[in-house]
Amino acid sequence: MSSSTSWVTSRNPDANNIFAIAGVVVKEMYRRKDFYVLLVLIVLITLMLGSVSFFDDDRIVRYLKDACLLLIWLSSLVIAITTAARQIPAERESRTIYPLLAKPVGRGEFVAGKFLGCWVACGIALVGFYFFFGIMSASREHTLPFLVYFQAIWLHWMCLGIVVALVLLGSVVFAAPSSNATICFIVVLGIMFAGGHLNTLALQMRGFRGEVVYALYYAIPHLEWYDVRDFIIHNWGGSGLRLVTHNIDWLVWVGASIYAALYTGMLLGCTWLVFQRRTMTL
Amino acid sequence: MNNVVEIHDLRVEYRSREFGQRSKLAVDGLNLQVHSGEVFGFLGPNGAGKTTTMNVLLGFVNATSGSASIFGVDVREPIARQRIGYLPELTYYYKFLNAQELLRFYARIFRIPRAERDQRIDTVLKLVELDGARRRLIKTYSKGMQQRVGLAQALINNPDLLILDEPTSGLDPVGRMKVREIIQRLKEQGKTVFFSSHELGEVETVCDRVAILHEGKLKVEGRVSDLLQQYQCNLENVFLNIVGYKPQS
Amino acid sequence: MIKWVVIFLFVCCMALATVLDPEFRRLHNRDNSSGGALAALMGDSRLLFAHEFFAMADAYFHSGFYPTIFDRQKPGTESDLKEESHDKSEDAKDHEEETSFLGAPKDWIDRFGRHFYPTVHTHLHGGDEREMLPWLQLSADLDPQAIDAYVTASYWLRTSLNKPGEAEHFLRQGQLANPDSFEIQLELGRIYLNNYSNAFVARNILLQARQKWRKQDAAGAKPDPHTYEAILGEIVRADRALGNLKQQLADMEELLKVAHIKENLQRQIAELKAKLAEPTP
């Protein structure tokens, strides 16, 4: 037998494989045009809105921040969902999953690598989006409440972590990436819009139905927490001199991050369990 | 002689997803050994159980019963795949990467140190004659080049065992010749090659030993030269004879 | 050959379109002149958006502390933007209680979730009221009959932002779309009275407002009596500014008929009568 594998060490299920797989996903993101198209769209729409004069007052800025942040949220969700939804199906379709899993890569590492790649890619996209937002808002307001922006970007990113994990789970459950993406989009937007109000609805209902809705309220990931646009739009973080300084409590911020991490971990665990049971037939 | 691959009483059943349908027996009590340094041809008509056996060896499918090991390690352990290289049939590698980046990615999985990694990439790209196209995106490659980049990824860890699933499938005669030459060179380097193919002429030229599977069962296993002598015909006729094909004349 | 066939088919399509288009317009009762681009593009959904944008202005007024559609079903959560713009003297504490739509947290998720959106009742001030204006403009653009949007925007423009010219211009736009609106007329009168200090023109405008209100009342449209009281009040102020005491007395007596708080007004009428009774030197 050849003894040519001198650098082959005993395999330890560690981060190396996860990082390697994630690296490919990140490379895919910056070599595809999606991110650039969305960034250009955000910039164009924001600049277009910014060029509109309302009552000859050039100090009006919040509507612009509002629109820009809305576009950023939508774009980030589009990137997160479409990137995550195509990962595993594309690997199967192009059959690259077979040479990859024929290497010393566990399925758990594969799922974790895909997740990390998508999540980091979303993070990079967010930095790009918020960089533009920061410049736009600072140029009009002449101030940059860095801490609030940092909290907001971080929470946004944590939210996308949950979304990516959810979509990855969907991609091993549903056959077609398009149906998975559509379902996940509806679920995510539904949670963000109504998730926090299910308790109110549950209390208005009577009996078993109310209990089911309340159980659902506890079970769903509360993505709406991570949307703190109002703090940025209305300068609750202390932009300018007249405004109230009101950061999100750091303990709460840590708590929300832990909640997101736990939820993401749980979803990834489910993905791994389902994926582990999938027979990979050529 | 060291056994690189050992399969004992392997049985694989696929359960049907449709209600009321019986499960399908893909491999039935297969026993097989592949020795170190040999080129082993794994033959059989479509649906014979070749790919299922390969899937078990690669950890894609769990055996219903029996066992399989590579270098003495149970195939269910990912570590069993540390010293193997695998070339699947017709794979479309990441089109947004170039050959060099693709190989760097796979090399990283094997934890090959950076200096050695670049050297290894150079070696395999020269071997598969893609050195000149290493910085071109894979999406611009021809089918033959795609297959050769696949072979390069299978060789990136300098494996002791190569599992090739129909490596010449879909290639033109020149492409086939090139792949065959590469297999010959690997054999000369003392690598063990386990490959499936429908090109029996190619198998006859390249392989030391073959196994012929039919309906999930091992029908024959032995040295190519012994089989040719025993049946007094070429490998194609041996194959047809074993699978029970009778020409209408 | 194929190329000429394609061109011929294209010309036929265009010719047919010129014939069929007027027929379809007639069929759907549409004509080119009505509605404008937004109406054509959005249909009646623009009214929904207009309403939502007005609510958005209200949300901005409260710096994001605003009930969602789920909270709006509860009592005491009506928009207070308009009322706020007309009655600043309202007791702040009462108002806060009235609009504290959140209530006590129902569970830990609710309690924790309240850290992620504004939960303090504040109002824009010091010129920041300008931030509401884009939404009011959009609301009016989408629904030109949304009188509240004109009146509210005008109020903030003339009071906080010192832009009576912009306010007047916006109201004039509203007037074109709503020629019978006494609310817009009242707001316009206030600009002339308070910002331009032109009591004469203001009085004329306010008299028109009164006339429009009466016209609607006579038609059985049940116009808002508070606005009528406000119109009469502003007319009295204009009279006072013009120094026309007889006219002021007559208008005050008319105001007395509809006034909610009469004591002070009665006292003022008595004082004015006494003043008029005094012999002129």
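Just a few scattered comments:
When the chains are written out, they are named A, B and C in that same order, and each has its own residue count from 1.
Note that a residue touches a chain if its C-beta (ideal position, glycine included) is under 8 Å from a C-beta of that chain, and two chains touch if they have at least 3 such contacts.
Bear in mind that the values here come from a model prediction, so they are computed numbers and not experimental data.
Counting steps between touching chains, the shortest path from chain A to chain B takes 1. Core chain by CA centroid proximity to the global CA centroid: A.
The chain with its Cα centre farthest from the Cα centre of chain B is C. Per-chain Cα centroids separate chain A from chain C by 41 Å.
A straight line joining the Cα centres of chain B and chain C is 78 Å long.
Residue ranges of chain B in contact with chain A, taken from their complex: 2, 4, 14, 36-37, 51-52, 54-55, 58-62, 78-79, 81-84, 86-97, 101, 105-106, 108-113, 116, 150, 153-154, 157-160, 163, 165, 189-192.
Here chain C touches chain A in the complex through residues 60, 63-64, 68, 70-71, 106-107, 109-110, 112-113, 115-118, 120, 122, 125-128, 130-131, 133-135, 137, 153, 157, 161, 163, 166, 170, going by the rule given at the top. On the chain A side of its complex with chain C, the touching residues are 52, 54-57, 59-63, 155, 194, 196-197, 199-201, 203, 217-218, 222, 224-228, 230-231, 233-236, 242, 244, 246, 248-249, 252, 255-256. Of all residues in chain A, those touching chain B in their complex are 1-2, 4-5, 7-11, 13, 16-17, 19-20, 23-24, 27-28, 31-32, 94-96, 98-106, 279-282.
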